[in-house]
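The structures considered in this document are given below.
What follows is a pair of complexes built around subunit A, which joins subunit B in one and subunit C in the other.
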Partner chain A sequence: MSTEALAPFEVRSSLDHCIKCTVCESSCPVAAVTPLFPGPKTVGPQAERFRAGDHSPDLSVDYCSGCGICTRVCPQGVRIAEINSRARAEMKVERGIPMRDQILARPGYMGKAGRPVAPLFNWALANPVVRLLGERIVGVHRKAPVPLAASRSFSYWAGRRRRFLAPRRVVYFHGCSTQHFEPEVGKKVVAVLEHNGFQVLIPKQDCCGLPLQSNGIFGAARRYVERLATQLSVPGTEGLPVIASSTSCGLMLKKEALEILGVEDGHLAEISKRTYDLFEFLLELHERGELRTDFQPVPLTVAYHAPCQQQNQLIGKPALDLLRLVPALRLVEMDRLCCGIAGTYGTKREKYDIAMRVGEPLFADIKTASPDLVACDSETCRWQIAKATGVTAVHPLEVLYRAYGGS
Partner chain B sequence: MWSTYPNDQVLPAKFWGCSGMRHDVVVIGAGLAGLTAGIRLAQEGLDVAMFATGHGALPLAPAVVDVLGYAPDRVESPRVALPSFVAQHPEHPYACLSMGVLAASLDWFKELVTPLGYTGSLERNLLLPTALGGLRPTLLAPETMAAGDLGGGGEVLIVGIASYRDFYPKLVAQNLTASAPADGRRIVARAVEVALAGDPRDLRPQLLSRRLEEPAVRSDLARSIRAELGSEAAVGIPAVLGLERSHEVWTDLQRWLERPVFEIPTIPPSLPGQRLQSLLTQLFRSFGGRLQIGNTVLGGQGANGVLESVTVAQASREISVSAGHFLLATGGVGTGGIVVDRKGIPREAVLGLPVTLAGSPSEVNPEYFGPQPVDRIGLAVDERLRPLGDDLGHLFSNLHAAGATLAGAEPWKEKSGHGISLATGFAAAAAILEERG
Partner chain C sequence: MALSQIETDLLVIGGGSTGAGVAWDAALRGLHVTLVDRGDLATGTTGRFHGLLHSGGRYVVKDPSSARECASENLILRRVAADCIEDTGGLFVTTPVDDPAYADRFVEGCGAADIPVEEITVGAALAREPRLNPRISRAFVVPDASIDAWKTVWACVRGATARGAKVLPYHQVMSLTMTADAVTGAYLRDARSGEQLRVRARCTVNAAGAWSRRVAELAGCEVGVVPGKGIMIAMNHRVVNTVVNRCTMPGDGDIIVPIRTVSVIGTTDIPVSDPDHIDPTREEIAEMMEAGEALVPGFSQGRALRVWAGARPLFPKTTGKQVSDTREVTRSHSVLDHEALDGVGNFLTITGGKFTTFRLMAKDALDLAARKLDLSAECTTATVPLPDSESKRFYWIGARQEEMEHEAPDDPLICECELVSRGDLQAALARRSDWQLDDLRRALRIGMGPCQGGFCAFRVAATLHRDGQYDRLAANHALGAFVEERWKGVKLISWGDQLRQTRLDQWIFQGILDVEHLPK
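So, the complex of A and B:
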């Protein structure tokens, strides 16, 4: 194995390396809590052999959350999660994609629609009657965590601020969540990067297509990610690191669009090599002695959960390494695999309970640690954790921002 | 709009990813050998990073520690049998170790995994039932299995659970009854199958074990077993008695059944193996070790007999990770530590080191259970467990190897696999600690 992304036929043929050892089954967080999902080996390397035609032999693959843990733990290099993502997409094409999934797969539309009427929109999302109707009519579980629309987008803010000029420059890929729901995260990312002497370039950018991909809508997902790759390759930014603060969207650029969607776009292949998870980038700066460490004490207890999509980047837990440098901060590492939400999976009526059971051990550990904050690099995981535990969940960047004296 | 700065001030992408990451020790592989060494080193305060393509064999294996079960006859006391075994097999990994190191590694392990209550000693092998009702001579067993020691014979009830279809109580009972534990001893085993209220027809062990962690479910199980109990002195049950709360589940069953209860290993996946793996990885992290599963190590760079760094694959890049010492614990042919190319030539997978005892690996002995050329392939090492080159000198002064990567053993036949991993992982850590002074 090398770091070159596998071609679509190589992804599929990797199943020939499966020795049926069951390592993936014993690590799968979904199979551990529901009989509806028989496990990654069964629906993947085993069932795949019966998917030669255009017919899906087994509908249970729809219950795969796409967390990707199976691929990560496989000792034989089988791309189990990727094979299952493709099988799910084919099954959905065959059976039709529900309107609910079409909506969940386009968070940008929600954000844009909600923005002009944000107070009303957010009131509606918090209203139990509206949510009950949403569950009955659309199929989004009434208790599922949903983000609130911001009344101003991140790009609105970015376009109106005074530009900070510096010789060292990076491209910031902020993602939809920062754009529409959590612009504060983006503002703090820019502040931290500028504090370390970087000029932050923020090209106009749209969705990476990840929610489309995980909902099996591959055609649109390919168009989205190719469009994003073009947007992030604005002339003058050649070779610059692309910094992603949304860890799942960063993984989309690094690997998933290539191996799951099979995108062969030249821009994307090149950008994937220089895409960095935010804390991966900051930790590298630190290891080279180039990160400012003028940290002020942050007297808080913070429980850190490394989300699946960040772990699938195979970069360790850089946020944990870096935040350990902050004085007075009490960091508690949560040694659990998954919070259950897996993007939009846990918001669906028929999967909400499964997602909550998957996250149960993590929620219990968080409650035991009784932290002031939970830190987690993925937005949907933060929403899930905050909703399930009642503890405020932030991007680890917000803790670093505080350590730099921000408030 | 930002092309006002010349491109030579752009950070070259390649520059990134060549980080200054440096550790005291890099361990490659996260099976029993790698984790043993990693924990030992981290316990001594070293900064240890562990990279592995995926999980090792721990979550599939029965979690007992075999040291020497057959040589070639069944071994009653490994302490008695080992000296002559090693004398007859000078190329065996045990030949690099003293009996003292082996004993120390077993004692250290037992204390390390106290929550799982391992028992046993070098003086005498336990004889535990296998998934098919064979008798396995093994040295250490977790508390949930130890009462299955049938070396003295006895009368046991073998319980199947209807929804767990990968366990065959009749087969186990018949094979146990037909087996010969020791001269003049007999096993009388009877099989029953019980059903848990509300269970579907087919429940995977991960789900079943979690269900049994609910007190009401296990009391239902105990009630069903009690109804079937006769004069049996002990009860054997497939190894699905919980994952995180196995101690509670097992203790409750023993209390309610008023006699010893023992888990019988299952075909993979193995719950006892997962308990052990999860405890060992937690311990490694708790001593400050960093564990990255999913990262394949692609190769290494060295000079003047010193390995300086290894290349580690991430999602879209490679990074170079340097360390003072390195440990190869990548397993054998079965787990990809040793690979055989299309021409039938075997080599060690990560660094391309030469392997020994290869014979002609593409040849297969038609006698299935006979000696196979592929079995004993692996790295030859010096007395400090450093891999040797073709000239029989060590290749790198700071590279050690442990576990199934080593040449000379036939673990499945000898029943020595976990023992070799544990003892050589322990000894490699000791060698590294000594070299660091």
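So, the complex of A and C:
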């Protein structure tokens, strides 16, 4: 559930609250590592006063990664990241959107294209020559983490399984990465929810438009998220909690579609109010005494990193709170803001190094902790962390799944 | 000690838009001009106006001759002063509180005054300005624009200076020198050094705006100018990007002008006796914020940045009548030939009018002065562009942001609100040697943004000190005075966001720097 989202003009007007205290600039992970980004206040509430009408004066706002930390730390309530995202979109409309960003913004296409030829596709993505060409021609950095296509989609699995019927029902919003790249995560989410007595409804669903939005392609992003809102509210699901296991896609539904894209679709506004981050939902169950705690010991060291998009939901770190209940689990909280990837940001040729520098403190802490696993709620962060540290990175749900006896 | 003396063809008293326009026109006609002001240039009414380059629409029903003047001057200034103008366009909208019958008279009046007007649907108006009151019933597009007073005045003055004019800011006219039947010049006092200066002029033009009565009195002449006070409030950002006017008889708080980074609501109009004492009152402010709601719902919830007042130089053409309602006085101007009126030769007063018509005012004054000086050169200000306007490209709001994007990243911002870099400041300091801190505010807009100097004033004072412009005590003094002056503009509107800002600024200036107790 989200705090009340602001109307589009209120997002802009929130610049009025800025007293230039500079808290956002000192917390910005990008400005700290590159002079190319002058900082969230500078391109945000400050520059916003110089924006009007049809011509965009911006350049450097392109280096904002959209991590949203600035908005979160602002003591005055300025929607800094939202202002910046919109300015970036205006800028891209004017200067043109590179083919690379068009591709990165549609992970579903990649997943669908790759699936029938998954072995070949995955080989190609791992091949240094192909990657070098990809960097030269397309602009995706040759070392950037990219997901591998699964040979069967999540929905293929979901459509063929035996139904579990129960009076308490939830809608599962699994997102593109579960669908195309990590169906295992989705299967375990369903298992954990069913273990707790929920019937899990999985309507057909497409991309929420977040990667489009973060690449400044607002028109398509709006169409995507409106379509998703319709898909998630198929008849018979009225009023049910919508559970998101991809934390960034969850945030899109909860807030970003409304505040950044300014979507006024009635479906969306309604769904947004009953959308939960997976662990937010589980923790609330636990607080009501309704979560099963028949946990078995998991004798592992797990480093937990809370991703920006999850932190921006202002729900604390519910995965950390829940995993603390698991016996024998040694949980190490990573006290760092950002891994650098910010969705597709860190995969781009010109931003890869910046993203790696942003993530450096986190990577160093992980190495020091030398854990068996890293747990993190966001897929792109997991890919970045695994690639940068060599440690396997999993959704925290997978740890919970093990604690429930799954393997 | 011998007095410094200046010999000149034309002495112009008053460095507002009118005086600057006279200086520019005269210099183009080949006259040697001396322009003086008691303060910095454009610190009278010109620096305190609303910022609207009128299409004339406002006056079509009430004051058609002024409307026609505005309409034609609007076209001319777009050609010769493009760099000072932002082509925002204007809307006249009938709000629920306006008489719906006025709109038809308005359209008719626009036709009569040659003002291009186009009615658009309410939907189109809202698409153009999403924050506009959705309950408006009609909307009309006219060629209103916003115009920067300081840029205009400096451009005139730069153009004039390049043609030999002498410009003396901070020089007050203390007395006029006279023969039995003519003015021959003036005694000036340098407000900064206290020194006296004598100017001998073949002809003297009184362009002292709301103060022109006092200047005329120095020659024993009477000028029945009535100062009309109006207040304005600048909101922290642009709530609209088009000038929006209520489609109604001119009244209070019925126009919002987007100019530079702010939107300014105004104004009021009441006769006052002393143009130097026109502080806004709390009632006027409350009325203005409330009035904004008719045009933009939620207006009064926004962050008010600054409030100020100006005094119109209103000149009732029908003399002898007591002026009780200054709204009834025409906005047209008058050139007074004191030789014909009072038997005082070589002395004229140009008064009334508007910022929008400053060029025409200057032309009319100069046409008369030229006759007195036996000069045949014609006015060329309608065709010769002002300095920096040669390209005829309008100014646009994003200019500074765009410029900053292309500046070296190691050139830090001194003023974060108005995007003034250290490079900009140093370039300005190199241009002129006698800057006061407050002059830099007008020149660069330092301290005009949301923080009202909180983060830049000390940086600028320190730079002036480091560059040897100010010694330690002078820097302390200037900083204290600057902060004090900014405080004047915000104290009456200190609520909400601006109050929070003011508290932070006070912690910086009183807590960290202790400006009040610095040795001065």
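Quick note on the criterion: the second predicted complex is superposed on the first by the 405 of 407 C-alpha atoms of A that agree within 3 Å, B and C clash if a C-alpha of one lies under 4 Å from a C-alpha of the other, contacts with A are read in each partner's own complex, and residues count from 1 in each chain.
We take it that a contact is a pair of C-beta atoms (placed from the backbone, for glycine too) under 8 Å apart; a residue touches a chain by one contact, two chains touch by 3 or more.
Since the structure is predicted, the reported quantities are computational estimates derived from the model, not experimental observations.
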Partner chain in contact with A:His55 - subunit B first, subunit C second, else both or neither: second
A:Gln76 touches, of subunit B and subunit C: first, second, both or neither? both
Superposition-derived comparison: subunit B or subunit C, residues of subunit A touched: B
Partner chain(s) touched by A:Arg168 [first = subunit B, second = subunit C, both, neither]: first
Which superposed partner A:Arg136 touches (first subunit B, second subunit C, both, neither): neither
Which superposed partner A:Pro38 touches (first subunit B, second subunit C, both, neither): both
Partner chain in contact with A:Ser13 - subunit B first, subunit C second, else both or neither: second
Partner chain(s) touched by A:Gly236 [first = subunit B, second = subunit C, both, neither]: first
Partner chain(s) touched by A:Cys21 [first = subunit B, second = subunit C, both, neither]: both
Footprint overlap on subunit A, where subunit B in one structure and subunit C in the other make contact: 19, 21, 35, 38, 76
Residues on subunit A engaged by subunit B in the complex (per definition of touch): 1-3, 5, 19, 21-23, 25-28, 31-35, 38-39, 71-77, 165, 167-170, 199, 201, 235-241, 251, 254-255, 272-276, 281, 283-284, 287-289, 311-317, 333, 335
Parts of subunit A lying in touch with subunit C, wherever the complex brings them together: 9, 12-13, 15-21, 35-36, 38, 41-42, 46-53, 55-60, 76
Subunit C - residues contacting subunit A, complex: 130-131, 236-239, 241, 258, 261-262, 302-303, 396-402, 405-406, 409-410, 413, 416-417, 419, 449-451, 454-455, 497, 500-501, 504
Residues of subunit B touching subunit A in the complex: 1-5, 7, 9-13, 16-17, 19-21, 52-57, 59-60, 200, 202-204, 206-207, 210, 268-270, 274, 282, 285, 290, 292-296, 298, 313-318, 334-336
